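You will see chain A twice below: alongside chain B first, and alongside chain C after that.
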Partner chain A sequence: MKKILSIYCLIILIASCSNKNTSNESNNNFQKIVVVTPNDTTFGVTTTMANIKGGKYVPLYGRDSQLVTINSFSMDVLPVSNANYLAFVNTNRRWRKSKIKKIFSDDNYLYHWKNDTSIGNEMNPNSAITNVSWYAAKAYCECQGKRLPTIDEWEYVAMANQEMADARKIKSYNQYILDWYEKPKTSINPIGETFKNYWGVYDLHGLVWEWTSDFSSILLTGESRNDVKTDKNLFCGSGSLNATDLMNYAAFMRYAFRGSLKANYSIQNLGFRCVKDSVITNQNEK
Partner chain B sequence: MKSKTIKFIGIIFVFISINACKNNENKNSNTNTEAIIDSAFSGESIFNLTGNWHTQNNETIALSALKGKTLVMVMIYTSCKAACPRLVADMRDIESKMPKDKLDKINFVLVSIDPENDNPKRLKAFAIANNMDASHWTFLQGTKTSVQEFANVLAVKYKQISPMDFSHSNIISVFNSEGELIHQQEGLGVNNKETVETIIKTINE
Partner chain C sequence: MNKRTILSMLKMATFISLSSAMITSCNSAGNSNQKIDASKIKVEGTMEAELTAPPLVPKPVGKRAAMKLTVNMEIIEKEGVMADGVKYIYWTFGGSVPGSFIRTRVGDEVEFHLKNHPNNKLPHNIDLHAVTGPGGGAASSFVAPGHEVVFSFKVLNQGLFVYHCATAPVGMHIANGMYGLILVEPEGGLPLVDKEYYVMQGDFYTKGANGEKGLQSFDMGKAIKEEPDYVVFNGKVGSLTGDNAITAKVGETVRLFVGNGGPNLVSSFHVIGEIFDNVNIEGGSLVNHDVQTTLIPAGGSSIVDFKCEVPGTFIIVDHSIFRTFNKGSLGMLKVSGDENKTLYSGKQTDEVYHPEGGTIQNMPADENAVKLSKPTTLAERIEDGKSIYNRTCFACHQPTGEGLPNTFPPLAKSDFLNANTTSAIEFILKGKSGEIVVNGKKYNSVMTAQVLTDDEISNVLTFVYSSWGNSKKVVSPEMVAAVRKTIK
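Here is the complex of A and B:
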């Protein structure tokens, strides 16, 4: 009996480690890796995600205001919180306040935190994390097996209000966003207290701005204006008059903001949430 | 009864063994690689980027494999008809102004912003067609995210405007042998005097 048991355990041990071995083997085929990729490790934060059914829509600004297709995906219901982020840096030391490489963030990284492992008493652990660069946000999501949303994905979910998937023509929806833009310091409010939208997602408007994976695809810098086909249409008066929907000044603000960012910026009112490609096949979808 | 107990013990073992594995792995890989990275590169070095890239010779490398030479880097894509040929010409023009005996201290790196199409084979063909097949030329194919990350370091903005076409800013960047950005030249066909001087100064340091 004991024998059987110990063999059983041995098999389990081998099986549970075998994945690791095979991945190491395939790594050996690489001819010239100097440094092993430092794998960020999971940090025990699980977050609820909402299923976002894909579809087609015309973003107000972005890829020349053409119809874009969004594949189904899941999105974090809430933005990443201070407490979530603390769990991340506790396990992944290279992303701590004092450890982060200069190339990955400016000096404002986690500016509002007391130190490497403490948020500080004045900060609410349940507020959205801000003062994080694009690199840090990206690493956090990748560590959870997720990624940052694209601009198109983010805007797709963010055009919903409580009842409708696309509320961009609803006056109260636009007014809510514009009112928020005028309110100072909403970033210290706790997450999950703004409205729950059509998809079950909170806080896309009303709390903090959020990083997107391809924020830098908005071509607007003084230097590149001459030699790149910039998104002039986004920003010049005549261009914005041509916008698909005149009402949506709010989206214009977001695109202008994204266009002004650099990946190493850590900003007080800029946080993030993660998304994941949908694993649900068409069969399972209604 | 007995079989139940065994099952139970078995399940416990599954948990223990999985955890043990993971913990070991975490501890080892994390502390080691962190230590390596911490000691090896300065905070501003692009060698801190951890993505893997394929060269035109089908090698897989991390950017840190480029350590030790002055790097002149540009982002292009091979199917590009507009700006890229001029950017490539600018790179060749810079190369032609380098002292021939110092070429082994410089690496001219062309990074594709179109990793889906620019595979090693295609990059190799492009290198040969453009007379850029000497050992001081490197062409890199990344992944969507590694390219995004790298472009963000260079502050190169790009976006796909059609399946075949990207628009992008035209920047040639110079890094010292530690991977720190020291100079950027922006625009097409601009006077490259300053860039050339910077590179020569860097290789003589």
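Here is the complex of A and C:
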């Protein structure tokens, strides 16, 4: 029922976005966005994207721990900032703080902002946008001709450190993530100040959590000791932890966090970034 | 009005007949357990539960009827102090470690509001061992940051129960301080006592070793190996010592609600110099008497009470004793009032003891033989002093003289020590208890008198003065003898 509802909402959103675009900008412009350009300017925001070369990897949990194939795609180098999001709501009034429909977010939506069109003096325009629901994040990306990453895509890029595409076995990489989990109030830090990873992407670890399109596909019930029934891998993962499996334990907390979410939640430590399929990929790689 | 009274009388009558029926049926089954069915207890009225941070507990339930009780618990992830100069990010129920104490009675219906502060990074939940239901509430209380969940339960069993977070990775949430106690009193309450306190043990695993300064992060490797750097009462070293010590007066009865959050270790709970008159074993309704040390499992509890007969400082320990002297599980109960010399005399005499009989070997007969083995040069004396130190002093003052924060004062670079040799000698001869300020920090602990000869005392002090940045004073046996005369 929930799924049907969200698909239904999605259709409305897409429709409304394209309406918006056609009314505000020329049809030509909209065409351009669909044909994927590195930068698009739907609401005047230019974002740099990094090309992520596809590949196969074993995610830590979920999907029966089988090898997952990731197609090449591009990912925003930085999380969406307060300033970016302000440009979005300036053009798209229905996503303003006071205008958002109740079903699309809980009461925390843009809670830290001063009002509809101002983020307030205390907030850094260059901090990551947080307190946005999944619906809002999704709408933002779609109006840019992009989408939210899947869990697998996000985790694929996030397993890189500065030098390697898969640093999950490196102790310092894991320690960095774990230290962040215990560091309070990192969400007010400016974007782009953590490390630049192998792909040229910043802030996947150390700043804020990020929405993924399929965040709710992992079933953590909250009574995690009982999750044997719902998702074997998640539980066995935690059960088989030993000192060398720090990586599982770092990722486990990410999955636990995602498991606590609902699509209408807006959370202080939760932001997002967008991705886009690469059209040219396959020819280039083969 | 009439109708109401009649109604309530009718209710009472049915209640009484029901319960008596139960009692008889129980008796006929050969069981003396007179428990009434708690699930049938009616609640009267609503109240917000009083929550307290350790070492305090809310006021007793007394004779009150079962009620609908609202509990508002906020989860806060925050930086705190583990020991002097050592910081740690605690995850807390209600802002303290252990979390807020909840006090209920059998039959209460608890409406639990669990709030996860928006600044928190992680989702949490709560598993209350007092709850009969899946996960002890954990299944219904998973809450994202910036959200509040509500669930309700009826407390059916009396006892002292642990609650804790059960979100993955469960061990880490507990190791960071997410545990506390919920008390379920029987109808009519526990017997009243003069003082009640809340003490909960926990083990902590830090990246740096014990005492390493700065913000320490959680170390999963050590947690899995069960090798804690800190084992403490109420979340930190020194939470119950010095000015934070719990207090009572002579003649008062003290009850301690003791829990053990773990995550790993089992506690051998003991109060030095007291015998527990009553112990609710494992926090349940079985009462044992005259107990010295009670075992508290991880995720378990115990209720102990005892009458304070004599004044003094009573040290609360985990009798797995290295935890106490090296990892922090040390608390203090200070009892004030008049001494009772019949019950406890204090030290009456202190004489040299020779197993073969004091008269013959009062003094070494052969001066030369002694001199052969007796250290004479400064280097030899320091060497001898070092071995005495390592036998006698290091357990409290630590191998490198740094002492233990808030508990045992340092000897290294000690302003107190360097200021005055006489009082140093005096402490060794007489022992010392009560407040003392060393390097600007207050200590309030107990050092026992050491039975050492003048030579031994002079050597050990010379060693201490020659080490760890101290003044390099040389203490002679004559100086010790002189002080000894003044105190006899």
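A few remarks follow.
In this text, the second predicted complex is superposed on the first by the 215 of 286 C-alpha atoms of A that agree within 3 Å, B and C clash if a C-alpha of one lies under 4 Å from a C-alpha of the other, contacts with A are read in each partner's own complex, and residues count from 1 in each chain.
We adopt the following convention: a contact is a pair of C-beta atoms (placed from the backbone, for glycine too) under 8 Å apart; a residue touches a chain by one contact, two chains touch by 3 or more.
This structure is a prediction, so every number in the text was calculated from the model and none was measured.
In the superposition on chain A, A:263 contacts chain B only, with no contact to chain C.
Of the two partner chains placed by the overlay, only chain B lies in contact with A:101; chain C stays clear of it. In the superposition on chain A, A:213 makes contact with chain B only, not with chain C.
Common to the chain B and chain C contact sets on chain A are residues 220-221, 223-224, 226-227, 262. Across the complex, chain A is touched by residues 77-79, 89, 118-123, 125, 127, 134-135, 138-147, 166-170, 172, 176, 217-218, 220-221, 224-225 of chain C.
Residues of chain A that touch chain B in their complex: 1, 4-5, 8-9, 12-13, 16-17, 20, 29-39, 41, 63-64, 91-94, 101-104, 134-135, 138, 147, 213-214, 216-221, 223-224, 226-229, 262-264. Note for the complex: chain B touches chain A at residues 2, 6, 9-10, 13-14, 17-18, 21, 25-26, 29-30, 32-34, 36-38, 40-52, 59-62, 64-65, 67, 83, 145, 148-149, 151-153, 155, 157-161, 167-170, 186-188. Within the complex formed with chain C, the chain A residues making contact are 106, 108, 111, 131, 175, 178-179, 181-185, 209, 220-227, 234, 238, 241-243, 246, 249, 252-253, 255-257, 259-262, 265-270.
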